[in-house]
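Structures for review follow.
One chain, chain A, appears in both complexes that follow, with chain B as partner in the first and chain C in the second.
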Partner chain A sequence: MLKSLLCGTALLAVTAGAAHAQVTNNVVKIGVMNDRSGIYADLAGEGSAIAARMAAEEFGNKVAGAPIEIVVADHQNKADIAANTAREWVDAQNVDVVADVPNSAAALAVQGITKEKKRIFLMSGPGSTDLTGKACSPYGFQWTYDNYAMAAGTARALVEQGKKNWFIVTADYAFGHSLEDETTKMVKQLGGKVAGTVRHPLGTSDFSSFLLQAQASKADVIGLANAGGDTTNAVKQASEFGITQSGQSLAGLLLFISDVNALGLQAAQGLMLTTGFYHDMNDETRAWSKKFMEKNGGKAPTMVQAGVYSAVRHYLKAVEAVGSDDADKVAAKMRETPVNDMFAKDGKIGPNGRMFHDMYLAQVKTPAESKAAWDYYKIVKTIPAQQAYLDPAQSGCSLVK
Partner chain B sequence: MAAKSQVNLSQGNPSQATIAVRQPGQDNTTRLILVGLGLAAAVAAPFVLYPVFVMKVLCFALFACAFNLLIGFAGLLSFGHAAFFGGAAYITAHAAKVWGLSPEISILLGTVFAGLLGLAFGALAIRRQGIYFAMITLALSQMVFFMALQLKFTGGEDGIQGVPRGHLFGVFDLNDPLAMYYFVLAVFLVGFALIWRTVHSPFGQVLKAIRENEPRAISLGYRTERYKLLAFVLSASLAGLAGGTKSLVFQLASLTDVTWQMSGEVVLMTLLGGMGTLFGPVVGAGIVVTLESYLAGTNLPVPVVIGAIFVVCVLVFRRGIVGELQALMARHRKS
Partner chain C sequence: MFDVLGVPPQVLFGQLLLGLINGSFYALLSLGLAVIFGMLNVINFAHGALYMIGAFVAWLLLNKLGLGYWWALGLSPLVVAVVGVLLEKTMLSRLYKLDHLYGLLLTFGLALIFEGAFRHFYGVSGQPYPIPDLLKGGQNLGFMFLPNYRGWVVVASLIVCFGTWFAIERTRLGAYLRAATENPVLVQAFGINVPVMITATYGFGVALAGLAGVLAAPIYQVSPLMGTNLIIVVFAVVVIGGMGSILGAIVTGLGLGLLEGLTKVFYPEASNIVVFVVMAIVLLIKPAGLFGRER
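So, the complex of A and B:
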């Protein structure tokens, strides 16, 4: 009796040991890196870390017999700090997976390092299509959105609604130009036209001359091909000019719920935008978001934060399924499993690392329509995954055969 | 009493001042011992600390030393040094990545570019003094920032990524962290030695004279404009050397290095460590980079912490950390 019990325990110890041996250092370490003190702190920041912790808690903070540990870092929007941190994480701290990383320069730097060192990289924050294009990696997954989906998605949805005449206000640098190009292409492809474009310097505080030109063009839609402070300034001034009230639509080509919150509904009402997630879509998103908001000081999750949750959860599921944290095996498993959670329904990962999921065209509510805090969006239309993103074959990614 | 009168005398006469400094033999030996210890620590550092981190400290230390050459010894406050640092980073990264040049040639190109840029900036800026000088350098460096944002080869906000480190002189593989570290250490030591030599040369003495009293230096027959221009070009080139090296360390060049915040950061490093002291900028750079790296993993907001330290430093020890230490030692010696 005693003997068999001993044998049993020994066997258990051996098998447990074997299971542990599959996970290097006997811990699955997730590094959430983003801006925690600057312009992206509300968009990603601590909220992304909370989202990652929520994903880990669903697994009881344990996967494939090993504990899950989450570390965070503030890259301060500097690519060199991002690169330094990512290298140190991998070399000295045995971090298995890096998550989030808004700011495309920082993300491209981390992509290079995770590719070289064979670690999974779950991008929720960055929007550059290069990350799944010419800088793609077999270990890099772009989860939540990209600049193409935001610009082309909004353009397609609005043109299909009959708003065919566009005017684009562009931030005069590579990022703004690419948003403008994608939008113009999409509008023209669907039989619309771009009545005019105007370029403003990055970080300008006075949009009046650009907005007056846009207003005079009599276009149906004024597209804002800029981001962050430029967009919020432009929206505020457009509301002072009464542009949306006079019947023209204002479309933000890269806008997040944290921006809308900063603007306030008075200025932002009527704005059209594309989003990958909204907390008030269905029971599942509401339940998750409620839990999230309790931990995040009452602030609703942005799509970037919800994306971190979804990506980390999918990663952990893959680790559980293969019983190992080997990057090649986990990446293969992640690709072959559809993504099904509160964030995405039947999401699929393309050969270039793009996670294909439905996007949503939203319109910002008026102050009268908004019933509660963070009750900001009306979902106007679902943009199916296949339309929302670039075809991998055209992405320029060398992994696509 | 006699010693005191000698000190007073030496302040009036530069040639006696150097003699007075050299006289106490034990001071020289302690200095040698300190330098030796510092070198030993630098050689051993990559075995204790994370090499990439130490390399970053060295790059910023050289950058701050170059800046200090201008403000600490010539009294010129440039608010546009990011243009040289970041500009050289872009040129070096482009040369190494697109043209496929070897690392030493790439860094050299970056340095020469920064030097030429410094010549252009300096020729315009030294015509004015004080706040106007600072504003002209700031305006010119903002032009460089917008060029970096707009030009095709810089990659806009993505920057130049995946720069190959290559083989130094075609022999040493710089992808090996230790090889890269000793290369960066060598670059830093060469740059630092150049600054040390400059400061202790007759040229450096003239710069100090200009800093203290420019009309007097002119009346002594020095063409101060030329001295200031040369100091500016030298400082810009060394800043470029630091920037170019950094782009190979991190294998990227990004907008961070050309923003005006970077110009501010180098002022911060220099003031924190001690303006006008040789080792001050090294200490200042070490502190700022360490805070940036190690606070990154905590819940403290990094810019706020660094800002608070700066405020404390300005209020409590105006001479900076090394400056205060030196003053303390001088007081101790006198008593």
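So, the complex of A and C:
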């Protein structure tokens, strides 16, 4: 008995030693790239870096015998800066994995580079379905949400309530176009119609003009295919122009908890939204979120930040299991292992890189219903993973056979 | 009803009115810039940041001291003016003898510092600021629903713009100011304290930005980024109007607001560049701006 135990320990030591040698440069370097100063800085930003560090801490900041190092960069929502940073990270700084990258235009640029240079890319921030569609990569994983899931969740709920005539206000770049596209498809598929769309530049402060066009269309629902500060300004001004009071519904197709906090419940109450995570769902999410909030100046995690944690943790588990940071081996391991943590239960990674997990349809509480700071959502229903996300076979990804 | 290029007239009127509202903000901000450039020869890049501070002071007054909108309308520009006077006394006044570029670099740096500081403490998502009770609700004009608050913004900014124009172009104090920019040594020889007047002018110019900030607070999110979003457009307005021209700033501000409103109907994607297209054309044809004088 003792002998076999000793043998086992010796074997373990050997494999550990071998694993050690497998990590290039003897460090696993995680690059968290996102908007750290612009309109998406609150929904991703430093919070995503905090989430990545929390995942590393769970491993004692060491994996497969090598230390874990986390670096951060601000892509300023510019695809060229994102591409340059990714190149520099991979070529000069030996970064093994790029994480987060909200802003689909930036993410598409990084996807191209990580695919070419064989580096794992853990996307939590970007929403474009192209990332797991025609621009998919064997090393790219889209973790938290995508535009299809947003459209499928929110649009389906509203159309099923009989609100079939839509008008969509779209942010004029890759992400907005994709969200508009997915929503239009979903609304039409369910027997509704899209009466019109209008596209506004990213970072618009005055939405009144676009909202009046939406109002004039007499649509039942005004869908906001934008994010962050654009969405909050649009929601605020919609209530100023009496749009919601006159019977038209407003749907934030991508609304984060940081946006709801910025709007205040008075302006945001009643909004329907789809989310991949809410901090107040169960003991596990509450415990993790409490730790996160202590490090993040009391601000609750957005789904993007929670997703960064889950993705980085899953990556590190795979590195640990294969004892190497080789992108092909790690990606294969990530695909075959189910994702089980406080973010996702039995999540599965599809052949196109999409991580399938349950989504939640939520409604923003009224000021009277909210009992504490950040007590913002009522979870209306759980959308099962298979219904929430597009079938990989229809994604247009060349990796799906 | 007749349509204009496929757009019903109700929609067109609505958009023109909205353009006028945005134009009032442009006018108010570019007016401050024009006053400062005209009198001090300083290209004040910190203008957007001071506009943001004006809005934040209003928000802080409400949330920390419980003082509402009407208090903020008076106090907030005052606070911004004090900040401006301190900046002018301690830093800007040392640069008057140097090239314009130094003033521009200094104020640009200050703008980044102010924004960074507010971003650090308040994040980028912004803070909500309610519309004052007196101005809640709106009027149905037939062709559109006009929120009372937006109507108030147009009226307030037109009054302030006209008042400023009148004070500078039609009063004795304004005459001193204009004389001091032409020949400070001579004006000082007449017993007028030119340095104090220049400091006061800068304080007044930035107070206008602070006022615009308070007016904007209930419409937009009070956010550290609100100034950056606007400042570039406002600079274009000043360049088109003619650097330093008071009337030019007001008229161009309103005019470009209208033009932007129309662009949002016919080709919304271009609404954030139309101002710069106009700027390029004006610079080619009339380099001193529509209302500017060649120096």
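Assume the second predicted complex is superposed on the first by the 302 of 401 C-alpha atoms of A that agree within 3 Å, B and C clash if a C-alpha of one lies under 4 Å from a C-alpha of the other, contacts with A are read in each partner's own complex, and residues count from 1 in each chain.
In the analysis below, contacts are C-beta pairs under 8 Å (C-beta built on N, C-alpha and C of every residue); 3 or more make two chains touch, one makes a residue touch a chain.
Here the structure is a predicted model, which is why all the values come from computation and not from measurement.
Enquirer: Now for A:74: first (chain B), second (chain C), both, or neither, which partner does it touch?
Expert: A:74 contacts chain B only, not chain C.
Enquirer: Touch test for A:135: chain B only (first), chain C only (second), both, or neither?
Expert: Touch status of A:135: first partner only.
Enquirer: Output check: A:83 vs chain B and chain C. Expected answer is one of first, second, both, neither. What do you get?
Expert: first
Enquirer: Name the contact category of A:312: first (chain B only), second (chain C only), both, or neither.
Expert: neither
Enquirer: Between chain B and chain C, whom does A:38 touch in the aligned arrangement: first, second, both, or neither?
Expert: In the superposition, A:38 touches chain B and chain C alike.
Enquirer: Can A:342 be said to touch chain B (first), chain C (second), both, or neither?
Expert: neither
Enquirer: Where does A:92 make contact in the superposed view: on chain B (first), on chain C (second), on both, or on neither?
Expert: first
Enquirer: Determine, under the contact definition given at the top, whether A:172 touches first (chain B), second (chain C), both, or neither.
Expert: Both: A:172 reaches chain B and chain C.
Enquirer: Touching A:200 in the superposition: chain B (first), chain C (second), both, neither?
Expert: Touch status of A:200: second partner only.
Enquirer: Both chain B and chain C touch chain A; at which residues?
Expert: Correct list for chain A: 37-38, 172, 201.
Enquirer: Per the contact definition, I'd like the list of chain C residues that touch chain A in the complex.
Expert: Touching chain A from chain C are residues 8, 10-11, 14-15, 18-19, 21-22, 119, 123-128, 130-131, 138, 144-145, 147, 149-150, 219-221, 223, 225-226, 229-230, 261, 264-265, 268-269, 271-272.
Enquirer: Within the complex, which stretch of chain A touches chain B?
Expert: For this pair, the touching residues of chain A are 36-38, 46, 71-81, 83-85, 87-88, 91-92, 104-105, 108-109, 112, 128, 130, 135, 172-175, 201-202.
Enquirer: Report the residues of chain B in contact with chain A in the complex, numbered from low to high.
Expert: Going through chain B, the ones touching chain A are 50, 52-53, 56, 146, 149-150, 155-159, 161-162, 246, 250-252, 254-257, 292-293, 295-297, 299, 301-304.
Enquirer: Spell out the residues on chain A that touch chain C in their complex, using ranges where they run on.
Expert: Per the touch definition, chain A meets chain C at residues 37-39, 41-43, 45, 172, 198-201, 203-206, 208-210, 212-213, 215-216, 228-229, 232-233, 236-237, 240-242, 246, 258-259, 261-264, 266-267, 299.
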